[in-house]
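What follows is a set of structures to go through.
You will see subunit A twice below: alongside subunit B first, and alongside subunit C after that.
What follows is the complex of A and B.
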């Protein structure tokens, strides 16, 4: 049945080369843990991507209940955690995944760094990777405020203080982030929400695409 | 070993295993999210609560609009919501409580809402009309009679519950 549907589509629009290009490629021996177990260090990039997928999915589902409003944000989170089936699991995935993704990203970075895999011709991909790291940190930072509990609120106060500490543009940056020069409140929450679910993910998808296209184009770095 | 031909090739075996394990992992990941998303459909229906809306001796044979408020719990938001009914007394003394929601597209109907039809319910959206007993006037947009409220009378007070479509009532 599936085969027939596939063949029907393939016959008309020739989709086989599309996924072949993506899925069908040789894994060199030195990155295959079945040959050298120590090659598991090559998994961290893929694991980062895997956790990112979990983050995107669980985040999409969380927005079915979450509202970015100071009156209701905390209550909607409380509601989805206590009243909705599997709410604890879905929010738990997003909460813990946020930390795991940073850990995986860091391990991936360490591997690339200590193997010197960032060297020519892969410098550009390293730069894109660093940008991805910053975007991920931004996602973690903006997501932290969204439950609008005490921890979120006071952590964001600190964040804004740090932003304010930047010479010359600090105050403008803080106002831009908080939405108000003095109040950390309604506008801060909506801004962080917009940044967390629209702006940074869009940037992340673009950067990840560039990252993956480059690694496929240049191939994985050779054995040490 | 060799008396039987291999039914499953190594490639097939690996394909099945990988697809199986991958599918299991994907399902484990997606199942809580899907259950989370479809939760509203699986919530038990709240049983209709009755609210005191009017004194029976104040109800006339002319339909009157009665309003009452209920406490509505909408997930994390609680509020008071106003509900309305058109009530009148029939000749045998029984009370009819009709929902004001038009059966065409959900606008609000009013008794004698149009001067041309002083003894009918009228919907201003598409000129839908209903007779006094709530039956829709043939040839006007609605294709069903107005819903009736579940009712109860205690100590001369009228209590109304949920509006129920005619066929089920």
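What follows is the complex of A and C.
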């Protein structure tokens, strides 16, 4: 049955080359932990992707309950945490995933750095990877405000003060993020929500696509 | 590889006339045994992912995501802290050479150089050597950076009493506390100045909330008379019997909520 569906589609759009590009390749021995246990360092990138998938899925479910509004944001999170079946687990996955993804990114960056895997021809992919790191930090920063509890509010206040202190563009940046030159309130929450849920994920998906296409194109770096 | 406008195509724009491509070294040229990605290697990755997921779920079940009370901009005593992975940047601004008058140095120049250097690493370290020991400057800069980040994070986190911070900021929905205003203890609470700082429903005002505290009757009696932290001594002005009623009332309300 599956084969028939596959053949039906393949006959019309020729998906076999696509499939070959994604899945049909050999994994060399030096990255395979089954042969050398120390090759587990090559798992960090894949685990980063895995946690990112967890973040995307848990985040999608969180928005089913979350209300980005200063009156209801905290109440909706509290409700999710205390009343909704498994709400605590889903929010816990998103909360801890945000930390774990930073840890995994950090380890993956160190692996690539110390192995010198960013050298020619992989310079572009390294830069895309560093941009993914920045986007992830931005996601952590904006997501931290969303529960609208005291730690979120005051941490954001400090962040915006730091942004404001930047010469020349500081005040404009603060206004862009907070929605007002002075007030940190309703506008700030909706802007952080929009950045966290739409802008940065869009950038992240684009960068991740570029990252993976380049890995398939260039192959993994050879043994040291 | 020939690129750009000078590229020649054989009628079909997908196929270049000049078939010279950058082709990475074939994996079969690497030493040792290769393994098919699909399905052999992917199955192993799947298993690693499953083990990882079990550990991750254990973490989320053992430690529910923290939530503090709703944002209260009037809470001037609140100690603001960013999430842990920003603590090192935050800590840097506390040093004299990187904060205050030198804010631009600590907020932009130092992090800018560090992260800019990371971003441009392939162009700063252009040699063909990949082994860390063969490129000592690059390696030592990275080790220095990692040590600095760990040290700054430790310095920022070590001086915070995280448990006291969490205990003082329990999530209590606004308007959800309804204490027994008919009790004798509440009359004492009202008659003394407690209500001014701790609120009509023990929810806290300029003073902390009295809901969610972990004190015995005797300890509360002692605090009411002798004060604690920012609370001065001599706030309680009544008989021993009233003091007992007050303390029992506060403990009873804590047991209810």
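Quick note on the criterion: the second predicted complex is superposed on the first by the 222 of 224 C-alpha atoms of A that agree within 3 Å, B and C clash if a C-alpha of one lies under 4 Å from a C-alpha of the other, contacts with A are read in each partner's own complex, and residues count from 1 in each chain.
Rule of thumb we're sticking to: contacts are C-beta pairs under 8 Å (C-beta built on N, C-alpha and C of every residue); 3 or more make two chains touch, one makes a residue touch a chain.
What you are looking at is a predicted structure, and each value in this text was computed from that prediction instead of being measured.
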item: First, second, both or neither for A:86, with subunit B first and subunit C second; value: first
item: Touching partner for A:54 - first (subunit B), second (subunit C), both, neither; value: both
item: Touching partner for A:34 - first (subunit B), second (subunit C), both, neither; value: second
item: First, second, both or neither for A:64, with subunit B first and subunit C second; value: first
item: Which superposed partner A:78 touches (first subunit B, second subunit C, both, neither); value: both
item: First (subunit B), second (subunit C), both or neither touched by A:99; value: second
item: Which of subunit B and subunit C A:188 touches, first, second, both or neither; value: neither
item: Which of subunit B and subunit C A:144 touches, first, second, both or neither; value: second
item: Subunit B or subunit C, by number of subunit A residues touched; value: C
item: Set of subunit A residues, in rising order, touched by both subunit B and subunit C; value: 54, 75, 78, 89, 93
item: Contact set on subunit B toward subunit A in their complex; value: 29-30, 32-33, 35-37, 39, 42, 75-77
item: Footprint of subunit C on subunit A - complex, ascending; value: 23-30, 32-35, 43, 46-47, 50-51, 54, 70, 74-75, 77-78, 81, 88-89, 91-100, 102, 109-110, 113-123, 126-127, 130-131, 134, 137, 140-141, 144, 147-155, 157-159, 162, 165-167, 184, 217-219, 221-224
item: Residue numbers on subunit A that touch subunit B, as the complex places them; value: 54, 57-58, 61, 64-65, 72, 75-76, 78-80, 83-87, 89-90, 93
item: Subunit A-touching residues of subunit C, taken from the complex the two chains share; value: 22, 24-25, 27-28, 30-38, 41-42, 44-45, 48-49, 52-53, 56-57, 59-61, 63-73, 75, 78-86, 90, 93, 103-104, 107-108, 115, 118-123, 125-132, 135, 139, 142, 146, 169, 171, 173
